[in-house]
Structures are given as C-alpha cells and as structure tokens.
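Both complexes below contain chain A, partnered by chain B and then by chain C.
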Partner chain A sequence: MSAATHRARRARKARHGGPVAWGFALPALIVYFVFLVYPALSSLWFSLTDWDGLSAAYNVVGVDNYKNMAADPVVRQAAINNLIWAVVTVVVPVVLGLALAVALNGKVRGKPVLRLIFYTPAVLPLVSVASIWGWLYNPQYGAINAFLRAVGLDSLAQPWLGQDSTALAATMVAAIWLRIGFPMLLYLAALQGISPDLYEAATVDGASRWQQFWHITMPGLRPAHYVVVALSVIDSFKVFDLIYAMTYGGPGTATQVMGTWMYFNVFQYNQAGYGTAIAVVITVVAIVVSIPYVRSQTKEHAI
Partner chain B sequence: MTSVVPTAALPDATIAGTGPARSARRKSTGGIGTTVVMTLVALLWISPLALLVITAVRPLADFVSHGPLSWPETFTLKNFADAWGIGNFATTYRNSAILLIMKVPIGVFLSAMLAYALAKLRIRFGAAIMYTVFLGLTIPIYITIVPVFVMARSIGLTDSLLGLVGPYLAFGIPFEVLVLQSFFRQLPDEIIEAARIDGAGPWRIFLTIVLPLSAPALVTVLILDGVATWNEFLFALILLNSNAHKTIPVGLLNFQGQFSNNSTGLAAGILIAVVPILIAYTFLQRWIVGGLTAGASKG
Partner chain C sequence: MIDNTFSRRRFLSLGGGAALAAGLAACTGTGSDDTATGGSGTGTKTLRLFTYEDNSTIDLLKAQIKQFDTQNGTTTTVDSLPGSGAAVYPDKLRTELLGGSGPDVWRIWGGQIGAPYVKAKQAMDLSKYYQKFGWDSKINQAAVSGMTFDGIKSGVPYIGAGIGVWYSKAAFAKAGIAAPPTSYAELEEANAKLVKSGITPAGLGGKYGWDIMRLFEYLLETSAGPDLHDKLLVGAETWDRPEVVTAFTNFKKWQDQKWLPDGAVGLDPADVELWYVQGKAAYTLTGQWTEAQGIQAGGKKSADFGVFAAPTAGQPLRHSGFVEGYMINAKAGNPDMAAALIDFLVKPESQKAVKVTSSVVTGAEPDKATLPLSYEWSQGPGRQPFYTIQDQALPKKQADQYFAIQSDVLQGKTSPADAAKKMQDVIKAWDKS
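The block that comes next holds the complex of A and B.
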C-alpha cells in the first residue's frame, strides 16, 4: 500500500466524526433496530413456520404458507382490494387536492380558514373517522340515507357498509375525506414557487387559463407531483385502522385488505405463521414500490 | 428530486422579472365566484363534524323523532355525561396522556441526536444509515406486530403502556430524523466551528447551540409526533387488553360497539375523543403545516 493511500485514508478518518458521532447516532439506531428492523426481519422467519401464536412449539414448514396463499380466495380478494384502494385513495385525493390548491392559490377570501377545514379530517384518529362515517352510513339513523329520503331518492337509501356491492366504496369515501388535505398542503407550498410573471407573460401572449394550467402550473409542479404521489402510495399500503374499525373486513370478506386479513389470521384464527406470510408479501410490494422515493431522499441529503 | 419549490424545472424562467405585480394575474371579478364555490365545498367537507356536534347536544328522543338532518328542538349536555362514564374516558384519557408524555420528548430527543450526527458530524456510513432509516417510512406496522407481541410477552410488558413505548419510538424515528436532519443541515457551519474554537465539546454545542437554534423544527416534530402517538391504534390494539390500560383509539372502538343504536351518545363520545386533537390542531396548525411541507419536500 502506497504512502499516498495511507495519507488519504488518514485524512478521510479525520473528516469523519468517529466515536463522538456514533455516540449521538447509536441510541436512536438501537431503538430503531430493536423495535422495527429486527421485528420486521424476524417476521420473515415466522412466515416459514406453522406457529399458531400461542403454543411454545412450532414446525418449520418452508414456503407452504406462501403456497397456501395462492389458493386462498380471501387473499386474492384482499390483494384486489388493496390494489383498488391504492389507485382510488391516491388518484382521487391527489386530483382533488391539486384542484383545491390551485383554487386557494388564486383570489379567494378566508384562505387560512378554508385550508384549516380541508386538512382537519387528517389529524383525527382513524378510529374516530371510522366511527363518524359508520354513523353517517347507518341504514336507519344515518345522515346519508336521511338526506336521500329528504330529496326524494328513497330508492337509493341502502345499507352502505352492510352489502358487498357498496362496502368497499363506502370505506374509500371516508379515506378520501381525510386524505385530501395532505396533497392540498404540499401543492399549495409548491405553487408559491411558480413565478407569477410566467402567468403574466402567458396572458399577454393570449394563453387561456386552461392552457396556463397545463403549460405553466403542471410542469412547475412536477417535483411536487413526485413527492405527493410517492407519499400517498406509501400510505395506501398501510391501510388497516380504517377498514378494521369500520367493517372488520366485512360483510363477509368484501372489504378485507392484506393488513386486516393478516390480523384476523394471527389473532383470531391462531395462524400466526400464515398471517405473517401475508404481511411479508404486502410489505415487500410496498418497499419495492417505495424504493425510488427512499433513494431520492437519501441522495439528496447524503454528504 | 430536489425540493417542492421548482426552480430549475421551468424552462422559460428567463422571461421572469419583466412583468408587473402578482395582483394582475387574476381578474378581480374572479375572486367572488371562487370564494363562493370554495366555501360551499368547505361546508360540505366539514358537514360530518358539524352534524356530529348538533347530534351530540340534543336528546335521543328528539333525534329519533326528527331525524339526523333536523335542527334540535331542545339542547342537552347529558349525552356527554353518559358517554364519559360508559366510555371509560377518564381512564383512556389518562393513559393516552401518560403515553404522550413518556414517549414524545424521548423520541424527539433521540431523533435529534441521530439527525445531528447525520447532518453535521460526518458520521461514517452516513448515507447507508440514512437509507436504512428512511426505508422505515415505508414499513407498515402490521409486519412487526407478531414479533413485537412475542417480545413484549417474553419481558412481561403486554397489557402495559410501557410496552408501547419502544415500538412507538421506533416508528416515529424515520419521519423525525427526516425533518430534523434537513433543518440541522441549514444551520451555518461557522457557528458550530466558532463554538468549537472556544472550547465547547460536541454535546455542549448540540445542547446549547444546535437545539435552541432549531426550536421551530423541534416544535413541529413534537406536535406531529404527539398527534401520531395520540392516534396510534394497531400496537395499542394488540398489546393492551384490560380496560384499565386502554388508550383513546382502542377505548373509542369498544365504545362505538356499545352505542351503535344510541346515535346521540355515540356522537358525544366521538367528540370527547377528538376534541383535544381538534383544539390542538386549530391552535398549532401553523407548525403542523410547516412541518408536513418541510418533511415531504426538502426531506
């Protein structure tokens, strides 16, 4: 090894913080590894067993759980529901959030109050959102059916959460209600960065509002689109609370998603090994989809 | 991906700087129409909560005979008293508050330490650490619940608020580090360098210079982490089973089952559960909005 590499190495070492830096980093890293990384990885192990979640002993069954998933009609239903959930509760809130942001960025009175209102549902506990909407959907006493009857649409009044045909859509409406605020806030911040002079120049050139939106606003928001969509997709894979507290995956299995079906297998059907395998599959999908975002965040900040 | 603020993304940015003021952008007539439309949409958006308040303050008989969309003939606060007692809210409030006080300051402090190491101390493998920690943003809680349950049981911490602290800390760390390290990065190196020359050690610099200068970011992270902790449901659902230890979200779920045919009592209970968070949000929204935007854009 040449003297030059030695020198370079010593110089590199001096630039690093050494033990002091690790003293700052380790407490959080230990907590993070013990309570997040280690449990997530040991789920991989549990997913290869037939553990029931209660007894002391269990057998390693290899990939049997994964094979069984392929034959489980509820898993298929849950996977489809997850996909529908991901598309609808990302696309609709992002589009509506963008529309609200553009409207609020124009000449509107009471902007702070309007912004406050649209983001309010997002700070509520998801269980309370589920309670509120469960109550609105109540077939007998709910406000939604009462409204339909009041305007003469009695035939449309129905048990929204109690029938296969409408249950999933009904839960997604609640999700849209609470998820519209986040994209709105991010787009509002991003819109501040688009120079008003661009619109000015476009107006002088005779461009319509619609043309200005597509040729100035949308390209200007491109970085924001990326962040908003990435974070919304990441969030959509985590769906559990809202479905569990609103329908328990029912009626039947109509609103099961991978997260709730995993929970029921582990804590009600005593199939911890199988349930964990379900969680592994959906988590791997979530991670793979999110890796470009994580990488971009790291690249941006790494020294 | 740089930041939400698109500077380089505009190909024709060169024409900027010649036009008149921003106000000319929208015709003044446009304001009223947009305001009316937006107000109507906002009313629709807030109507579930408004309906909840109206229902909570009327007697059940009044609600049943006139329907959910009518204005109450009489008002009462009795629903709140009933819901408070049956919903066990005195206990769940206390438990959620204890958890908040135990978990949030520790979590933010540990995250701030890690963020400082990443942003200013040139830690080895900094990029790898960051990647691993940010990956935590994408991990759903349910992938960890079986091992976490096993761990808690093996050390006797099931059905205990203490057993929630570790998992809550771990799942809070990625977002907190993301926001804090980006804030710390913007602190000028000269200040830290000057303190070092004056003989201050890294801890002293961290506690007396970095943290005070970062007060806005710390407040934001404290609030957002407080909201997340107050609202967390799944870990609390699997780890807590006796009524004496339940937190607000789990308690509300039980309560919801008992009151399914008593709409006014249910509305009062839901309000009891969400009022602290609504009040906190209304007063602290400036910090919440700033933090979400910073966390999502600048990273």
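The block that comes next holds the complex of A and C.
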C-alpha cells in the first residue's frame, strides 16, 4: 500500500469516523431514525392520502391536499397570522431581552431578583399563561379594562380576545411577556464573555456609551444573535399552544395559525391527510428558516 | 381500475422495514399482540374506562366501578378528563385510539361527535349486547336513537340532557320579574328589566362556539318553528330564508342590547356559565348537571335558583337536547366484560348512586329531595320532545364554520342576511356521504 493511499484513508477516517465512532453514534442514530426520520417520512406519506385519522384504510390522492391548501382561505389567513406572529414575537422579545440583559449586566441593585422576575414567565406552563392572560383580558372583570376605566380611558376598554381586530395582537402580548426571558438569559451569558478591557480602552479613547454598545457589545454578541434569532424564528413558526389555549383559533378563524389549523384538521375534522400536508409545509418552512443557524453552528465548530 | 386503497398496516410493512418496525415495536409498544387486541384489556379481567365525569361526581362513579370489580373479579382503571367539553375530549380519545392503547369503554356524546368513531370502526356494534341485556326495554328509545349511527347501535345512552334556562331567583326578583317568561317577547322584556337592574341577563361565552350556539339555536327554533328547524339541520331546506335572517337579527340584538356579556364571543364558557350562580349574570342556558356541579358544588341552595324551558311559540314547546353514552372499543380484549360494565352503570341503582341528574334509564329519575330542580325539569320540560343540539347535528367542521358565522354576526362583520346565505353555503358543501 502506498503512503498516499494510506494518507487518504486516514483523512477519510478522520472526516467520517471509523467503526468505533459509528458504534458510539449508533444508539443516538437509532433513536433519531425511529423518533424523527420515520415519523417524518410517515407524515410525508400520509399527506399524500385522504386518511381520516381514525380508519384503518385510506386512498392515495397524490398532491391534492397541497392543491387544496392553495384554495383554503383559512390557510391563507393562518399563513399571514404566522408571518405577523413571527415578526412581532421575534423582534420585540429579542430587542427587549437584549435591553434587559445589557441593563442587568451593569451595576444594578437587586440584579438576581430582577433576573428571576424577568425569566419567571418563561418557566410557567403555557396553559397557566393562557389562563392568566385570559383573566386579565376579561372584558368585564379583567384587570386591563379595570385599569383603563380607573384612569378615565373607558373608551379604550375592549373585549380584547372577543373581536377579530384585537385578538391576535392580544395573544402576541402574552407571547412577548412569555418570551423575553429566553433572549435575556442568552445575551446575559454572552455578555459575560466580552472582556471588560475593551470597554476600559474605549472609555480612555473617549467613546460614548452608545458607541461602546454598537462597536463593542453588538459585535461581541454576534454568535448569540444567531442562536437567539434562529431559535426564536423556529419557535414562532411552531406556535400552537398559546393560541389554542387563549382563543381556540377564534373569534371565528381570526387567530388561526398553521399549527392550530393543522391540529383542527387532523384531530377534529377527520382530515388527517390534509392536516398532515399542512404539517409538512410548516416543517419545510422551519427547516428553511433554520438553515442559516445550522450553517453558522457548523462553521463555528469547523474552525 | 387501479386499486389505490392502502391500509396503515400495509404501509408499515412496505415502508418501515423489519429493523425499523422491530425498533418501533420495542420503543413504542405498537405492533405487538397488545395492540392487536386493543385497549388495556389484554387480560380477560382488566378493563379501562375513559370518561369526562366531573370532579364533583368522579369519586361516586369510581365507587360504583369498584363495586362492579368486586362482583366480577375485574380490575377497572378509570381515567377522566373533566371539564374539557366536546371541543377537547374527543381529541384525546382519538389520540389514544390511534396510539394503540385506547380504552376498552369510553363515554362520548351522540350525533356527529360520536359518529366518526363508528364510521372508522373503532367502536363496536353493540346490537348483540342490546339483546343480551334488554337495553331497548330499559332505556328511553329517543336516547337510543341518539346513540344509533346509520342504523348501528354503537353506543349505550347514559344520560339525556336538555338545555333549559337556569336562573337566579334573586336576580329576577331584583329586576321585578315575578314569574319566568312564557313567550319570546316576555323573555326580551325580562332581559330589558335585568339590564336596567344592573345585571347581565345571559351568561354565555363563545370561545369554543358551542355555548353561545345554545342561544342561536333557541332563536332559530323560535323563528323557524319545529318542522323547519329540523329540516334546516339536515339540509332539507335552504338556510337562505327570512326565518333564519330573523334568528340572526335577534342574535345580534342580544349583543347590542347587552343581554349578553361584553365581548361574549371571546369568553370561555367554563368561566361564564356559572355567573348566574355567582351573581354576575341572571341566567344561563345549560343542562341539569348544573344543579349538582354548579349550584350545589358552589355551596348554594337549589331553592335559590329555578329552571324553565326557553319559551317559543312552537307547539309542542321543544328544547335543545343531546345524548351521551358509552361505547366499546372494537378491539377490546374482553368485550363481554366491557358490556357487563356498561350494563352495571345503566342500572337505576348505579345511576342514582352517581347522582345522574338526567338519566335515560327507567326508574332512575333524579331524587326530588336532593336534586329538586333536576327533578322538576324531568317531570316537566324533560318530558317534551327535543331537537338535536346543533353541535351534534352538524359535523365538527361544519359546526365550526357555523360558529364563525355567528361570531361575525355578533361583531357586526356580517349582516344577518349574508349570514343566512353563508350558512346555506356551509350546508351545501357538507358531504353527507
């Protein structure tokens, strides 16, 4: 065997791993295939059928379910709602989370307590969050309308969850409250990694706080931005539970998102084939959105 | 013609591969003999019952089932999902059945809510058990028809509930209402008096659609009359007609006149339905269960409340009603024992022990001393014919479209005339096959 062949083999082994490496990876791979790949392929298959979700038999209908989605007005509305949801519930919590992280990273009295307060909503069960906000929004007895009436803003008191015009925005407020803690925590961790020397040097050079933020803090948080934004975007496209518990997709279909509409079709309307087609579309969108994140992580580890 | 009908089993065998299937079976429990027999009843003496019995009565049910187990040497597990309503419980049941570990016996609503389980052959044909236990002669026949699907008796009725007006006597007295209204016009007058006295008349919430629907179906019964109402529900008459427009117009009037809570469309029925007990509303539209689970569970006396049938001009005076019953898993390991359990539960003494307020079993009428209002209902309006509650008359998809139209009307987004047209479109598109 030539030295060149031997080197090539060693390089291939280094890149793809040897039998021992594959042996170690095997249990995880089995779990991955059984619980992720196989169900995903099953879903893809069922999206090409008219399965009702209960019967043993079904017919293959090709891409009819996907064609029907194009003509479904609720899918259109749900997609728009998803888009609005994604933009608002990513941008607002990320910006507020960053602001809180920067504020709490400095010399603030009661820092641990404040961190706990801001992160607590993130650990609450979503159904509890939905109940809390449901009570706050109650048109007659809720705290929000009571406050508005108490300060003389009676005209602003609304049936927040009971009208199309405010229902989606009202659920997004709950989502923002819930999700601020996650970016705040990640940014706080990332801020610890920025050397204080950089700020000292910048201060000596006469840089203002604002300039320090833009030229030291923001570049220093770049890896955290990838993680926070990518995970928030993926999370926002998967939205289901908060909408389901707070509005049940209503009033009418005003707050339907792709996740809830998929659920209604699969589990309530006996249209599992159609609902699964919606699920496939949600998955494809989530994958496309997560590509930049995965690539950034791969690059980072490759360096 | 190419046969393009597949079964899930065939797909699994084609697509899964032996190793994957073995892995799945090992990891999830599917594909084993356990699944083939279904339910939890692989042994001849093990049963699982799934219900949505309320927290206030679940212990009574469990006590009865324990008695059955003692008599028969069985072990029956009872799982309950109380308060979830017809919007959630069927999903859980469906998921369990698809997961291969469905219950042996489950409680379900009749009509279009129970129908999918029969159509999918998940529920057993119980004809032979009807004969064996003589259920036809013991159980109200109207209720039996509510658990009969395309001629197949796949369920055994457990309760037959009627929707009436349950009200607070104090609220009526404060508003100067001396007696329950006997016509729709009188009900409107009563509403006006209640608003004037500072209380919301009807505590109804539209979050899931079905609660506020009880008002609309009453308004439709009032404007259309019994014959036309029945024909509308099966699509035998067009909805695009003056009687339906009148019902939608009155529906909007209830919101505009503040006879419903502000923003009723978004309110959760679980929060609103008991407002009449808590003094936040004068009445609600609900069934007999509210006496045990609402009034008495809330520490109030039945004597402080009353019930009457929502008044219409129709003869006979009908109310909305529905049936709930038990089904047996088509794959139950021991269907004979499951049927024996159901037979035990529909015996008059068992029904009385569980405090069933709306029994369909002869000899199990509500106890006059402990449930006076339920008894009053059973002896009066309960004896009158009823129309099928609309969320059981229509499949879930059509019912949700119906609710969406109602929501649009209440918000003023759709005119009553357009709502009637849209409703006709919904019914027209309903594939009854």
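General observations
Here is the rule we go by: the second predicted complex is superposed on the first by the 260 of 303 C-alpha atoms of A that agree within 3 Å, B and C clash if a C-alpha of one lies under 4 Å from a C-alpha of the other, contacts with A are read in each partner's own complex, and residues count from 1 in each chain.
Throughout what follows, a residue touches a chain if its C-beta (ideal position, glycine included) is under 8 Å from a C-beta of that chain, and two chains touch if they have at least 3 such contacts.
Just so it is clear, the structure is predicted and the values come from calculations on it, not from any experiment.
On the superposed chain A, the positions of chain B and chain C overlap enough to count as a clash. Judged by the touch definition given at the top, the superposed model places A:F264 against chain C, while chain B stays out of reach. Once the two complexes are laid over each other on the shared chain, residue contacts for A:Y58 go to chain C alone; chain B is not touched. In the superposition on chain A, contact is made by A:G134 with both chain B and chain C.
In the superposition on chain A, contact of A:I117 is made with chain B only, not with chain C. Touched residues of chain A, counted separately for chain B and chain C, are more numerous for B. Shared-chain residue A:Y38: touches chain B and chain C both. Clashing C-alpha atoms with chain C appear in just one stretch of chain B from the list 1-9, 109-117, 253-261 or 271-279: 253-261.
The residues of chain A shared by its contacts with chain B and with chain C are 34-35, 38, 42, 53, 134, 138, 141, 267.
Listing the residues of chain A that touch chain B in their complex gives 15-17, 20-22, 24-25, 27-29, 31-32, 34-40, 42-43, 46, 53, 100, 103-104, 106-110, 113-121, 123-128, 130-136, 138, 141-143, 146-147, 150, 177, 180, 182, 185-186, 189-190, 192-201, 203-204, 219-224, 226-228, 231, 234, 237-238, 240-241, 244-245, 259, 262-263, 266-267, 272, 275-276, 279-280, 282-283, 286-287, 290, 293-298, 300-303. Residues of chain C touching chain A in their complex: 4-9, 11, 15-16, 20, 23-24, 27, 87, 90-91, 94-95, 97-98, 116-117, 119-122, 200, 206-209, 261-268, 271, 280, 395-397, 400, 403-405, 407-408, 411, 413. Across the interface of their complex, chain C is touched by residues 30, 33-35, 38, 41-42, 45, 49, 51-60, 134, 137-141, 158-164, 167, 247-248, 250-253, 264, 267-271 of chain A. Per the touch definition, chain B reaches chain A in the complex via residues 1-7, 9-13, 15-22, 24-26, 28, 30-31, 34-35, 37-39, 41-42, 45-46, 48-49, 51-52, 63-64, 67-69, 110-111, 113-114, 116-118, 121-124, 126-127, 129-148, 151, 166-167, 169-171, 173-174, 177-178, 181-182, 185, 202, 206, 227, 230-231, 233-234, 237-238, 248-250, 252-253, 256, 260-261, 263, 266-267, 270, 273-274, 277-278, 281-282, 285, 288-289, 292-293, 296-297, 299.
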